[in-house]
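Two complexes follow with chain A in common, the first pairing it with chain B and the second with chain C.
On to the complex of A and B.
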């Protein structure tokens, strides 16, 4: 009778241990998938936020008084763009906050530039670099067509505004 | 502890687990991201593009002049060539252009069945013109 009781108790203990083990395995699997999903959704949200910020910046940069044309929307003034380099250097902290951690460039598309060179000191050129942060990891680039007004020739050029986000 | 009490606790644990699982799947379902941003961006890009190309000079002519030439003389080669060249710089997908005068289509090139559309309207010589750009 005592031996029978002991065997029954042992079986019940083993049964409890197996149930506990299965429960723990299921729980850890559940937690693993939950955290996997949680972190991937966080990454996705961060990407979406960054994308929204870049889109907003692309829409608002042309209305900044540092670049905007006097009479036209979605347009940048060439003389202001040339002047911006020195303004940026003198107010680096302000602009790195305002333009965030984004690489911003302007590339002339039409008329096609004859020379492939960054625009400095009013010389013939093909692109402007407006903000170049210390990039760690490139996320994505958005581009938008934009007008560049030249007060020297009194004509508009078509350019591509490129904003690259970094994490 | 009596057997009945233990079984009640087991049942409670199962119910709690079910609630946790249900909450997890409901949050998964509700957190599906908003996918309208790429469309909104393309749409804004199209509008900006059409507004911009109508300000630039192409061979000393505005796009509106080229459209008018195409309408009045049937010579649309320069318009098609230049628009294709410039549009290819900005849109990596296939695209199509349709031109209308007083709401009647008079010229179109390329085909794009499903896509986002933007238009630009202007008046020249008392004719209402419309340029419709569609990107696939």
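On to the complex of A and C.
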């Protein structure tokens, strides 16, 4: 009788543990799927935020004193773009933050460049890399046409501003 | 019988302990989720506000109003909403936490070329005594030489106030500033004094929370000035190569000195005008 009771009690405890284990497994599964959903929605939110930042940056870059033309609005000064290269190198942390850690480049469209080369010190060249953060994963790119004034030729060039966000 | 009783009580103890652990885990999880959601919403709101401020600088709109459901505080380096903060490079002068709405005024700081934009943000009441002609937009709650006051307003005395005036102001606010327009000295009552260089900094003093924030933002602005001056110096060096007869090396040298001696502003203006006279591309 005593041995039978002991076995029954052991079975009951084992039952409780099994029920608890199943409950914990179901709970962990639930949490796993919940976090998966939650993090994907957070990622979506961060993407939207990044998109807003990139659009704002594309709209405001021509009014930044680092690039703006002297008289015209919505235009970038070519000589300032050359000058910015060296100022950027000396103040990389500040400008990476100011330019929202986005990859920013400018490609000349018209007149069509005769040479495919990054603009560092001299013309002719075809593109500027204004900010190049450590790239991990590309999210999206925003393109916008932009006017570039050349004080050398006193003429306007057309360029494509590309802002790429990374995670 | 005794063993059966033991088995039942052990099961109960086991179930209670497991239940308490699971229950406390779920409660903790719930709280963490609420905190995380609040934080992500706050950060999204701050980031959107920062974008709105940036967009203002591109438009011709110099003053505007933004509705807000939360309390937003601006410090020297951060925008704070519900204890969550986002660091900003913007120069924002705001005297107190802002509720319901943000009255915003944007003013570019040119010295002599554009350095940055100053944002003045407040929906507080300003009492100005004997003020000179000021261009503060009408949307701000500014009262000139008032006789009745309300609590937690800002008192700004232009030129020396009487002891009675200061004592009366102290009954309503701790934010009292005395601005001497002749010597260009600002006193953050009672004993902290500094100077202002031009109108932008005069308004900065009016809209500043305290002496420390004013000085911090002034330093931040001067750092911006050094960066932009450096950029114009580099531009002058580039132009010198293509226009060797224009004399860009002189203005480049003045710009190098300008980083530590702001009194050279007029010399830069003269040298820049000279470039135009000589049919050379102006620096700014």
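The definition used in the following text is that the second predicted complex is superposed on the first by the 130 of 167 C-alpha atoms of A that agree within 3 Å, B and C clash if a C-alpha of one lies under 4 Å from a C-alpha of the other, contacts with A are read in each partner's own complex, and residues count from 1 in each chain.
Here is the rule we use: contacts are C-beta pairs under 8 Å (C-beta built on N, C-alpha and C of every residue); 3 or more make two chains touch, one makes a residue touch a chain.
Since this is a predicted model, take the numbers as computed values, not measurements.
Visitor: Scan A:16 for contacts with chain B and chain C and give back first, second, both or neither.
Guide: second
Visitor: Considering only touches as defined above, state whether A:110 meets chain B (first), chain C (second), both or neither.
Guide: The answer is first: A:110 touches chain B but not chain C.
Visitor: Have a look at where A:163 lands relative to chain B and chain C in the superposition and call it first, second, both or neither.
Guide: A:163: touches no partner chain.
Visitor: Going by the contact rule stated at the top, is it chain B or chain C that touches a larger number of residues on chain A?
Guide: C
Visitor: For A:84, using the defined touch cut-off, is the partner it touches chain B, chain C, both, or neither? Pick first, second, both or neither.
Guide: Touch status of A:84: second partner only.
Visitor: Mind working out whether A:145 is in touch with chain B, chain C, both or neither, as first, second, both or neither?
Guide: first
Visitor: Identify the partner contact of A:59: answer first if only chain B is touched, second if only chain C is, both if each is, neither if none is.
Guide: A:59: touches chain B and chain C.
Visitor: Where on chain A do the contacts from chain B and from chain C line up?
Guide: The answer is residues 45, 52, 59 of chain A.
Visitor: Can you name the residues of chain B that touch chain A in the complex?
Guide: So the residues of chain B touching chain A come out as 21, 24, 28, 31, 33-34, 37, 40-41, 44-45, 48-49, 51-53, 55-58, 86, 89-90.
Visitor: Under the definition above, what is the set of chain C residues touching chain A in their complex?
Guide: So the residues of chain C in touch with chain A come to 3-4, 6-7, 10-11, 14-15, 18, 22, 29, 40, 44, 47-48, 51, 54-55, 57-58, 89, 113-116, 227-228, 230-232, 234-235, 237-239, 242, 281-282, 284.
Visitor: Which stretch or stretches of chain A touch chain B in the complex?
Guide: 30, 34, 37, 41, 44-45, 48, 51-52, 55, 59, 72-75, 109-110, 142-147, 155-158, 160
Visitor: For the complex, give me every residue of chain A touching chain C.
Guide: Residues 2, 5-6, 8-9, 12-13, 16, 20, 23-24, 27, 31, 42, 45, 49, 52-53, 56-57, 59-60, 62-63, 65-66, 68, 70, 77, 79-80, 82-84, 86-87, 90-91, 94, 97-98, 151-152, 154 of chain A touch chain C in their complex.
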